[in-house]
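Shared between the two complexes below is chain A, which pairs with chain B and chain C, respectively.
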Partner chain A sequence: MTAAPVAIPEAPTPPGGVRRWLNSPVGAQVTAAVVFIGAWQLLTLIAPRVPGPIEVMQFLFVEITGGSHGGIVRGQFFEHFAITLQRFSLGLFFGFVSGLLVGILIGSSTLARALLNDTVLVLLTMPAFVWAFLTTMWFGITWQAPVLTVAFASFPFVAINVAQGVRAIAPELRHMSTAFEVGRWKHFRHLTVPAVAGYIFAGLRFAIIIGWNGILLSEWFSGQAGVGFRTRYWFDANRYRGFVGWVIVFIVFIVLVDRVILNRLQARAFRWRDQKEVDFIEIQEQQVGL
Partner chain B sequence: MARVAIDRLSKTFPPPTKGGDPVVAIGDISLDVEGNVFVSIVGPSGCGKSTLLNILSGVETPTRGSASVTEGDRPAHLGYVFQDARLLPWRTVMDNMMYVRDDGDAGAAKAALYLDMVGLSHTHDMFPGQLSGGMQQRVGIARAFSVEPDLLLMDEPFSHLDAITARSLRDHLQELWSATRKTVLFVTHDVVEAVQLSDRIIVLAPGGRIFDDITIDLPPRSPRQKPLVSRRGWPLRASGRRGPPPPSRGTRRR
Partner chain C sequence: MTDTVAESIQELDQAQVLRTAAGSRRRRYLAVLLGWLVFIGLWWLLSLWVDSEARLPSPGRVFQEIVIILQGDFWTQFWASIVRVVAGFLAAVLIGTPVGFFMGRSKYWGNFLQSPVIVAGSIPGLTYAVMAFVVFGISFWGPVLAVGLIAMPYVAINVAEGVRGVDRRLVEMSTAYGRNETQVFRHVTVPSVLPFVFAGVRLSFSLAWKVGTLTEVFGSSKGIGFQIRRNYQLFNMPGVIAWVLLFVLFMLLIERFILVRLERRLFRWRQWEREA
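Right, the complex of A and B next:
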């Protein structure tokens, strides 16, 4: 008996140029941005007080180039942005380093966990605006208030993530270190930090977002300069295009930090994951000229 | 020469479930190993073989008794080969070798030498994930030898590998051991492997007690050519089964 021939289905034809581009990640991102701007423009038709995208872009252009806003005030983008960035970096540094140390302590010691874990959880539930109020009450209208708001708001996110990461380190690797009598610093540098890297990045991402929220609020309440102060300035002046313009700057900065800095750092830290298994038989065959 | 002195050693773990009984991993073991010998510890799963090595390496503490590993009048320097390679996946092969060493360039040269001895001189800059399981285990063996330990602990290092790879690694191990003559404590549940590699075999029974202590003194290390007699006087075949009385070629101890 002869077996009936089996029909092999043809492979589907790949989509054409425009369709393929729309289906690509870049295409999807551009489409999302276009849809968002379109929806925003439509919103201005329904609510006339909402400034449209073109209006906001015109404002930002004047603000960035230092031009005159209708004779009221000149654009001061870089001055205010630099002040906020300085305060933010300092606050994030304190929040990150202290979060890292406390996280490692909680993750590696039962006693430290019992002592500190609940405190960190309580801090985690505190919204950034509470820190903005408290630091303004404690320090008044000073540069310390926004710096400490960022530090306090970011600290628990780093600590809790790092603590989880330390607890997740494979005990087998820790035993290996103990058996070979590896020194503490070496253990920390080559085992703990790389093993916890994923958790550190997760904590840092949250810390940056929460810290950036915190500094905006703190400068809004107590600032004499900075992004938050400038945003409030335009709000108080009843110029909503200025207010929305600075909010957009605020959002774009966070997205750029995430895409440009954090993603690259993460790719570098995890490059070992992307390595493919080497085909040694193929290498040997190449060497003997097969 | 390293000396392992174990005196009335016991290790009991807490009950795994609430209201259960404590787990006796090792029950009152006394043992003395001295000299450049290859000693295998065999026994069924759960008889305390790995726990014994963990106590010797300082990973576990004994419940009762004492265990010391000395080289002359100082604590001995240890190397350890685990069941799995236990390499840092985010570090290259050479970085993994250097992780357990404290010296700089001299250490790197030595690490490279041992990698070469296990046939992995071309993998220095590769990450462990790029290597096969057998190759990773060879790195683990090279790492343990490269610290030039006074005592080398090996915990079923070939149990996770296929038969062909395991045989190849056994050959590598024999070559390395012949070249270095370290004191080795080798845990396995494979009697043939123990016979092939060892000068002495300690058989543990469930409950962590020594069931038998066998000395083998006939080279070469081949299961076919090595008749042996247990401490209890039972002749053994290479398969581990008892057979007819052997010719007087084995040696009894104690």
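Right, the complex of A and C next:
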């Protein structure tokens, strides 16, 4: 297999250049995007109920600029997005902090692990929509329901990861630091924190992905505002372009946060890590859904 | 990538076996049992304090509900869900394997299909569930479609990884000894890619089950998801918790006793190959 040419000419005017560009990785990706969006547009010709890409973009433009959707229904983008973001951060905070505490407990004590591990596993197995239902039954249609859904759904993922990190601290290093009488603080600062930081980070990523899905579900079933509510609003109104538009907003947000911000941060903070550990975390990530 | 995981899991297992050998094992089981007792005890106390069956029923009440469900239509409902999920996984393997094969075989198709597969993998489960409902209404095919769509990217990515990992030297040797392409495909490519197909199913298993159940919440007249929703709409809290617990137990059992064992068996030859 030969390596694909990486040179990407700015202006692919000569015929050879166009060909080469089309075969380059970027060219292939652009072709893919064009083909899939084209196929989507073609699909609307066969099935008129499916909203096409142009229609969806028009909808999003009106929704974001706050224009009229026809009649008195106006676009409301930032109102709903801000509310969801608030609830999401609050729930994430609770889920993350409690997961961190329980994770450290499970990781550092055998007794705590035996006591709590199964409970965390059970929580891990529960689908997020169950939390949406339960919190709605407990609190009704209030802001607590989505916040707690995010917290409950993200908690076990943080706990499991942190516990794994604490347990993975190399025993040789631990013994050595005891043998050389390294102080408690120094031990914590120079051994525990760097060893566990990667796992905490991975836990945070899972928490964000899982929590973001959870809040959509919770707001869908019991929201009076927010992204999930607005998505359902358009779905119930039989305007699928609104539904698809909001789903796109939803996906773009999580992809941006995860792939652009968190990925870069992680790559920068953990340059020194060995590849095996990174692979392990990556595989786990796939398991969760991103 | 997947080898390293299997390897590290194996290492973990071995370390655990050494640590918990013989004497301390009994103590550990006791602690786990104690953990469950503490969990149920706390739940019971909390339910006494809340004192409202509609909010938090006692463990005993939920247990009664579970018994009623087990005597009733438990198996019909679970069977309905299982059939759909399995059909969905079959669809995912049938579509995902060729896609992954292309991605692994040629650099161009790898680049071409990379973004679509990643995007398909990051679409929230709710979207698939709603989409399946819109396309099929209340039907058998909705959950099948949702499970298939959710699991497909995992299968594709893993198969691509597997195809890239096929031992070139084995292929070269087979060609040198005059094996034709079909024979190489049948005896070299397929056996080395098969575990990766399984790994894709395994990785997406829990996610796909959850989305399958969610689809049943929307558009189904049968299955676990439908039962959870029915009890939710009747505001029957003991029923909701009972069905959820049964679902969780069932998933954990399948994971521990079927998938983990199958996985070990399928990956055994790789382990052997490494040691030799």
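Before moving on, here are some points about what is shown:
In the analysis below, the second predicted complex is superposed on the first by the 216 of 290 C-alpha atoms of A that agree within 3 Å, B and C clash if a C-alpha of one lies under 4 Å from a C-alpha of the other, contacts with A are read in each partner's own complex, and residues count from 1 in each chain.
Everything below uses one rule, namely that a residue touches a chain if its C-beta (ideal position, glycine included) is under 8 Å from a C-beta of that chain, and two chains touch if they have at least 3 such contacts.
Because the structure is a prediction, the values reported are computed rather than measured.
In the overlay built on the shared chain, the residue A:176 is in contact with chain B alone; chain C does not reach it. When both complexes are overlaid on chain A, the residue A:152 reaches neither chain B nor chain C. Comparing chain B with chain C, more residues of chain A are touched by C. By the touch criterion defined above, A:77 reaches neither chain B nor chain C.
Contacts of A:96 after superposition on the shared chain: neither chain B nor chain C is touched. Common to the chain B and chain C contact sets on chain A are residues 276, 280, 283.
Residues 54, 57-59, 78-80, 82, 84, 86, 88-91, 95, 99-100, 102, 122, 126-127, 129-132, 135, 147, 153 of chain B are the ones touching chain A in the complex.
Listed in rising order, the residues of chain A touching chain C in the complex are 1, 3-4, 23, 25, 28-29, 31-33, 36, 110-111, 114-119, 121-122, 125-130, 133-134, 136-138, 212-213, 216-217, 220, 235, 240, 243, 247, 250-251, 254-255, 258, 276, 279-280, 282-283, 286-290.
Remark: chain C residues 1-2, 4-5, 8, 28, 31-32, 34-36, 38-39, 54-55, 106-109, 111-116, 119, 121-127, 130, 134, 154, 157, 203-204, 206-207, 210, 213-214, 217, 228-229, 232, 235, 237, 240-241, 244, 247-248, 251-252 touch chain A in the complex.
Listed in rising order, the residues of chain A touching chain B in the complex are 172-173, 175-176, 178-183, 186, 190-191, 194-195, 197, 270, 272-273, 275-278, 280, 283.
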